[in-house]
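Two complexes are shown next, each including subunit A; its partner changes from subunit B in the first to subunit C in the second.
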Partner chain A sequence: MSSVSLSEDQRDCYQELTNVAMGQAADRLARLLDAYVVLPVPKVNLIESSELHMAIQDAEADAAVSAVCQGFIGAGIAGEAMLLFNDTSFSDLATLMNYPGMNNPESLDREAELELLMDVSSLLIGACIQGIGEQLEIHFNQGHPVVLGQHCLAGDILKSGNHQWTKTLAIEIHYTLEHVNIDCDLLLLFTEDSVEKLNNVIDFLLD
Partner chain B sequence: MSDSNIEIGDIHWLMDILQNIDVGLVVLDRNYNIQLWNGFMESHSGISPQNAKDQNLFALCPEIPRDWFVRKSEAVFQLKTRTFTIWEQRPYLFKFKNYRPITGRTATMYQNTSIIPLQSVTQDVDHICIIVYDVTDVAVNHEDARSANQSLLDLNSVDQLTELPNRIIWEQDVKREHARCTRSGNPSCVAIFDIDNLKDINAAHGHRIGDLVLKTVSDSLRQTMRQTDLPCRFGGDLFSVLLVDTNEHSAAEFAERIRNILQGLIVRHGDQAISITTSIGVAAFNSVFHNEHDWILAANKALLHAKQQGGNQTTLYHPSMKKG
Partner chain C sequence: MTTKVLICDDSSFARKQMKRALPPEWEVDVSFAGDGVEGLEQIRQGNGEVVFLDLTMPNLDGYGVLEVIRKEDLPAMVLVVSGDIQPDAQERVRKLGAMAFIKKPIDADKARTVLTEYGILTEA
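On to the complex of A and B.
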């Protein structure tokens, strides 16, 4: 098994790529919600499979969350995007999205929340994946989103152990909105054998 | 296909694939009029592509909620981003009847759909494509797994012999009631029962007779209590009941009634006739109980007191009772 590595230049390049992509995603979110989206610097890291739990727990500590996962693949590069959504964000989000029949955000039921979750995840994951793909000139196909859980603890979302990889590339983005109580984390995880191909594309860009 | 050097002859077999592929494909224009309706859609809806062409989606398929679908699709048109619907969110977009009499176990087809933007040569999105996947098997398997988990959970929460809830479940009920009483100040009581002579019965007649006694007691308990009362096999020869919205006086009456019924009961097994007596401890909710455990402990102290006084009696909890 080839060992996955990342040079400083490559890391900077991934960071820049993500910056542009998440900027586009944030722009779409801002247009949809008509609110100012605060953009932090994305975190680019190589993580061990044993650290995946920590990356998630780090993101959301012990808050109740809902999560959606979506696979993507293109030009032999594959990965999965996960959106972790803090449960306290739902009512503000429903208000912002101005959903019909959701005039009273307190009475959001599970289905309405799922609807919100799907809309926001389609938008954020889709825009981010496309944004990265466009810069690399790769067309990514997206699988169907999978709901990992609603209202569960972040630590319980992933079935532990038995990951088919040891070390891989992870990009973490933490989105927050100004003046409203909405925050969510987007985690992009590439498959182990994608990283080398991705690094080659990046090196080509760096030259 | 992206390298658009497709010959006219190739179009022919590409169309063939579109017709035969086992996913639904529908192309809509900006006004939600149908521009493409493939073989999958025809097979399941019974509407031919000729009849579907140029029809409005919402007129042809009234099961699709217009506002909901437009809201989703506008994002695809305007933001050029894909969107998805999954069966957990909405079981289907197009209402297709189950078409498999043997292996199809649902009335309708479960569907996942992708809604993707189609860019014209000018890079504008003036068409969108709905891709419909049949995920009935996935949905059915998921439901099966969920109901299997639920019955495992039920097995875990009910005492198999008496079919009463076990202590873990009951303590959660008491916890909720403790919170409710703390908030509302309504009276509620916890009563704990002990069969005085179960050990002797087990020793003299064997555990099978002991089990029969336990079953008889639980049946009597079920018949005597009100529907709102929450019973429990507390463990061993102990039973308990949470008497909701009941003051100490009524709870004591209830306890005496059940004690008398059980005392008059004769458990018969073959030619053996066995009679039992019970001791009961009752604790009314008191705001000094910090949690449900304090409350249950108080009922236990009252029970211990009843046993120390010779058994076959009901004792009400009093704060002066010490443990042991």
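On to the complex of A and C.
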């Protein structure tokens, strides 16, 4: 089981597939918020799940975040998507979404924040997972989203994961918006067992 | 007549995908570039009559390449092939003089449609 590996060609391919999928997700977010989403190069790494916090290079471990995770499965490939939403982003997000009754975005309560968090995470996670699935010709079924925490430290959330696998393929996408203070990290984590199957699909595309 | 085609993308997988999507009957001489700087070099050498240009690249991105092409009036018909498909991105590249905007992932049908639409590929 410890023989999973990632060649440079495979990494490049994962990066390009993610690039396309995250672009589709960003397009949906941009249209919803009428803003421009800055797209970085996604980071693809094979890591120990105990080192998950190291996957997040951009976000600081001591940033206060609210987080959601959602599992997905299809064609024997399983994983979970995790969205870490920076808590300082909520007021601008509420403003851009014309959140009902929000005359004063500073006074957002936890419930309102939760609703915004769920809206953004279902959009970004859904579009990304489906975008990758379409390119691999795999239909991913998505589980229910689970709130991992509100106003927690990013580092604590990543350490608390109860993963059954040791190695994981981690894809990190750091989304930011132009001219407004909204940023979040989307992590796609594939189980160790899935990596070999995924690599086979990738090799077929590379051939 | 053979057309000089340049595929400019930092991903080797994307370059391969693009080359595969070109119509098989189109007589082309294909060159590759891994970033904007390399891309401009190839265009200056006359290897990019038709350029398939990615936007997000290291060193010099696709927007930068378009700016230089316009400033120096380089002879290149640029078709942007991008994963960033936001309305703003599409508008920006058109303003910078790109002929067309193709949404990734590229495939043979998309390539044929665009090349035919702009008269680059003519029915034999």
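Keep this in mind: the second predicted complex is superposed on the first by the 196 of 207 C-alpha atoms of A that agree within 3 Å, B and C clash if a C-alpha of one lies under 4 Å from a C-alpha of the other, contacts with A are read in each partner's own complex, and residues count from 1 in each chain.
Methods note: a contact is a pair of C-beta atoms (placed from the backbone, for glycine too) under 8 Å apart; a residue touches a chain by one contact, two chains touch by 3 or more.
Because the structure is predicted, anything quoted here is derived from the model rather than measured.
In the superposition on chain A, contact of A:A26 is made with subunit C only, not with subunit B. In the superposition on chain A, A:D9 contacts subunit C only, with no contact to subunit B. Of the two partner chains, neither subunit B nor subunit C is touched by A:G149. When the two complexes are overlaid on their common chain A, residue A:A127 makes contact with subunit B while staying clear of subunit C.
In the superposition on chain A, A:G71 contacts neither subunit B nor subunit C. Using the contact criterion defined above for the overlaid structures, shared-chain residue A:D119 touches subunit B, although it does not reach subunit C.
Once the two complexes are overlaid on the shared chain, A:E111 sits against subunit B while remaining clear of subunit C.
Residues common to the contacts of subunit A with subunit B and with subunit C across the two structures: 31.
Contacts from subunit C toward subunit A in the complex involve residues 11-14, 16-17, 56, 82-89, 104-105. Partner subunit A is touched in their complex by these residues of subunit B: 2, 67, 72, 75, 79, 81-86, 88-89, 112, 114, 133.
For subunit A in complex with subunit C, the touching residues are 9, 12-13, 15-16, 19-20, 22-24, 26-27, 30-31, 36-37, 39, 41, 135, 205-206.
Interface residues of subunit A facing subunit B in the complex, by the touch rule stated above, are 28, 31-32, 70, 100, 111, 114-115, 118-119, 122-123, 126-127, 130, 139, 142, 144-147.
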